[in-house]
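What follows is a set of structures for review.
Across the two complexes that follow, chain A remains constant while its partner is chain B and subsequently chain C.
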Partner chain A sequence: MVQIKRLQEDGIDTLAIIGEIDASSSIELDMSIAKSVGEGFKKILVDCSSLEYISSAGLGVFMSYIEEFKDKKINMVMFGLNEKVANNFSILGLADLLHICTTKEEAKQLVNELSV
Partner chain B sequence: MRAKALIRITFLGAFIAWLVLIFSDVTILFSDIRGLNPDIPLWLPRFMFDLYVLGLFIYYKFKIEKEEGLNFTDLLWRVFATGLVVTVVSLGLRLVLFLLGDTTLASNILFTDVVYHINLALFLGFLMAAFTSWKRLILYQKSKWLIRIWNVFEFTLLFALLYDSLNSGTNGTLSTIIALLLGGLGLVLTANMKWVAYLNFKQKWTSLLLLLLAFFYLGYFFYTTTRLADSIAIQSVSFLDFREHTFSLSIFAFVIVYSLFSFLVILFNLPTSSVFEQKLEEVVNFQRISRSIQTEQNEESVYNILLESSVSSVFADAAWLEIRSVSQEDRLFTYEITEPEARAIQDHVFNNKIKGALDQGADKTKNLSKHLGLLKGARFRSLLSFPIMVKGESIGTLAILKELPDGFNKEMTRVISTFANQAGISIENFRLLEEAFQNERYKEELKIAKTVQKSLLPEKLESNDDFEIAAFSQSADEVGGDYYDTIRINEHKVALIIADVSGKGTTAAFHMSQMKGIFHSLAQQELDPHEFMVRANQALVFCLERGSFISAIYFVVDSQKKEITYCRAGHCPVLYYRSALNKIEYLKDKGAALGMVKNKTYCNMIDVYRIDYKTDDVMVLYTDGITEANDAKGEEFGYDNLGHTILEVKDKGAKEIQEHLIAKLYEYSGTDDINDDFTTMIVRFK
Partner chain C sequence: MSYQYNIGCSLSNLKGIREFIRTSLKDYAIPELELSAIVLAIDEMCSNLMIHAHHCNPDHKIELHIIEPSSGELVFEIVDDGNVFDINAFTEPKMDNLIHEKRKGGLGIRLVKSIMDKVEYGSKDGKNICRLTKFYKKNNG
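What follows is the complex of A and B.
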């Protein structure tokens, strides 16, 4: 079960993921990101501090946006990943493809820098 | 065959009895006129008459009573046809008499007696035919009591017949009692007119006509025989006068009374017959809807039957049915109305802000006729809307239209409400059935996919003097996407692969087969691991759907150089036990999974690593199902546990290490049913 909360401030769309992302709940994550992209946000933050587990299908969702973000010049930064989740990202080699920070402040700074 | 023979025998018997009857009656009459003593007993004609009647009774019992497949009008038709035949014969006889004119023969009393007997026989033939038919009609919906009464009636008639043959004249007390008894029973029986209700309008008219003609025959014969009997009676009374025959009179009275009652009942039922027909139609339509779920192939047929039945049950002119669903567009089924017309009315209702009628919120039947009056150019003036409920939710609305204003009454509304409810149930059942079928099909498909997947894994793994390999793979209830394989590249090189397709189910199994194809085609080309991964990625990046990827590690074990080269593409890090150091380590190298990014970038995202292996080194390959296996508290097995487990059996053979690991895993999870895919491949160097 997962719950995704969206919060918009200063032109940044923050998605807070609460719970676990497995094959079935990954659809919800996909829809949230698609919505944010559809609304025209160029800066997206993903708050993973309450993300307890992510399966390969969930990782696949982030991965599937990499090309699209590049084309549309959208920057996405993730932050607050717990050790297990971060490990999953790095094993897959996604750590090099995505921007990952520790705190929200860092993430904000990074997303603003990238968008310049 | 037996029945046919019996019919012939009784007919013949009746005929012979009748001949004897004429002969004896004429002889007695002749003797009486001449003042002679007849040589034959006086009771003979009466007895023969009884035999004739009994013969007729049995004959019609087989001919009419036992015959199947006769409906009510057929029965009446039989009576009519019999009447027609006997009347024509009688009229023919009249013609002959007329042609004879005033000859001596014509005025001869004996000749008159013969003519009288012919007419009487025809008359009784008709009466018996009518009697048997009426019996069938009366006993149409029989009860125990009705059958008893009828049996008493029939036996009384038989008794009357016997009595008649013993005594002549209807003046005795006994004959009065018999007449009264027969009259009473007859009246009780004539009250059974249930069959009339089952006639439709047309059949009622036909029945009336046939009955009317039957009256004519009865009247004609009664008149003819009475006149003939009168003309004989003037000269002599020593002949068989049917007017002194209780049986004949009783049966005549019964036939005429029942015919009269039937006629009147049918006549008075005529105006209401349309109501009965409508009720019957409702029942039939109702059945059609109920049965449609079993016989029809799709929901559309159920909808169409609902439309047809509703329209025909309330004599409406048109109807439409709108089905709403979340996944599909709204569908409109129409009957005798075009879609634009229906849409126009819907828009009109919507524009008039009438809520809860034709929209999703509809929950009860509504009469919208008054709103329709405002719509210009519409041919319909009455409109009823009904919600179709499935599982307490409105899935659509049924609208019934009439061209007449105020065309619907309460009764009609009730009928269609019932239809709508029944349709809802039918559709619900239909959907449940469909779901069950679908589930069954998915299960079957999964079974096939699972078999296919199993067959993709190798039965035998490569080995040589330098190493031995043991592997184990288990997939969850669903089809998994774990893959491992080995292939000999040349004399001293063997390629190994372990891969995990993201997601589960049939698609994962298909991707797994793609991976197998790639492995087998690329590995044989002696590519170095980097090139292997780049090419595999190139092949996969366009094959996999968005969001899918494959994590893999590809090894080339060279027994000549005693080295392993490998590339890790996003797969779980290899666990390597170095015997020299008696230590385990995870080879966490750089490398992104296959199928995620296009090739230009991918080249730089992957590297080749090299290990020199020594004797007694152990390499453990696995998928995330192993490290992510949960115990009862939801804690993962993890990398540390995996390392410890391997250390416990580091000196054993590959097969034993693998068995120990799997045993430990089950022990850890505390269940026999780990609901995930997990695969391990142990390579032990010698």
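What follows is the complex of A and C.
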């Protein structure tokens, strides 16, 4: 089960993922990102500090937005991934295709720099 | 050792599969990152089967067996009676293509092949058996 909380501040939409994302719950992640994009946010942070597990279904959701983000000049930065979750991104080489930071402060700084 | 778990083909049962693997293997001194990768690979195989061979019908059952043929070697057998979904017959799509086509699927097979050392298919008593082998180095102490 997963819960995704959204919080907007300073023009940045932060999506906090709480729980596990697998084939049964990846749709929730997809809908949250689609909502953020639909509302016109250009800066998106994904708080993964309470993300306990992610399978290819969830990794695929992040991957499927890479092109759209490029086209729409949207920048997304993820932060707070635990070692196991980060490893799942690395196995696929996705860690190099997405922006991943350690802390929220770093992520905020990066998303602002990328958006200049 | 030998552990068995029977599951209906509903994606809501994936969490139970992950817990079963962790519980079964908790005393095997498998490094945490490696164990997590194993859990991920079996989750991918089971969700593929549930979706593609059983259309998520919870009345269809699959069996998962965990066997340790020798120290440092684990075999996961997934038994079902649906259409065979042989991942060796699939060439994984290139990452570039997946990104370009904005596709969400296609990553699971790539993960399984990177994590597991062997993926073999067979049949017994009219059922399909998918055998996934993983060799691992035990944690010291």
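To be clear about the criterion, the second predicted complex is superposed on the first by the 116 of 116 C-alpha atoms of A that agree within 3 Å, B and C clash if a C-alpha of one lies under 4 Å from a C-alpha of the other, contacts with A are read in each partner's own complex, and residues count from 1 in each chain.
To be clear about the criterion, contacts are C-beta pairs under 8 Å (C-beta built on N, C-alpha and C of every residue); 3 or more make two chains touch, one makes a residue touch a chain.
If you're wondering where the values come from, they're calculated on a predicted model, not measured in any experiment.
Novice: On chain A, which partner's contacts cover more residues, chain B's or chain C's?
Specialist: C
Novice: Determine, under the contact definition given at the top, whether A:L110 touches first (chain B), second (chain C), both, or neither.
Specialist: neither
Novice: So, A:L92: does it touch chain B (first), chain C (second), both, or neither?
Specialist: both
Novice: Just checking: does A:E83 make contact with chain B only, chain C only, both, or neither of them? Give me first, second, both or neither.
Specialist: Second partner only.
Novice: Pick one for A:A57: touches chain B only (first), chain C only (second), both, or neither.
Specialist: Once the two structures are laid over each other on A, A:A57 reaches both partners.
Novice: Considering only the touch criterion stated at the top, classify A:D22 as touching first (chain B), second (chain C), both, or neither.
Specialist: After superposing on A, A:D22 lies in contact with chain C but is clear of chain B.
Novice: Which parts of chain A are touched by chain B and by chain C alike?
Specialist: 23, 26, 30, 56-57, 59-61, 63-64, 66-67, 84, 91-93, 97
Novice: Of all residues in chain A, which touch chain B in the complex?
Specialist: Those in contact with chain B are residues 23, 26, 30, 56-57, 59-61, 63-64, 66-67, 84, 90-94, 96-97.
Novice: Mind pulling up the chain A residues that touch chain C in the complex?
Specialist: Touching chain C: residues 1, 20, 22-24, 26, 30, 53, 55-57, 59-61, 63-68, 83-84, 87-88, 91-93, 97 of chain A.
Novice: In their shared complex, at which residues does chain B touch chain A?
Specialist: Residues of chain B touching chain A: 500, 502-504, 546-549, 551, 569-573, 588, 590-593, 596-598, 605-606, 624, 636.
Novice: Within the complex, which stretch of chain C touches chain A?
Specialist: Residues of chain C touching chain A: 11-12, 14-15, 18, 32-33, 36-37, 40, 43-44, 47, 50-51, 95, 98-100, 102-108, 110-111, 114-115.
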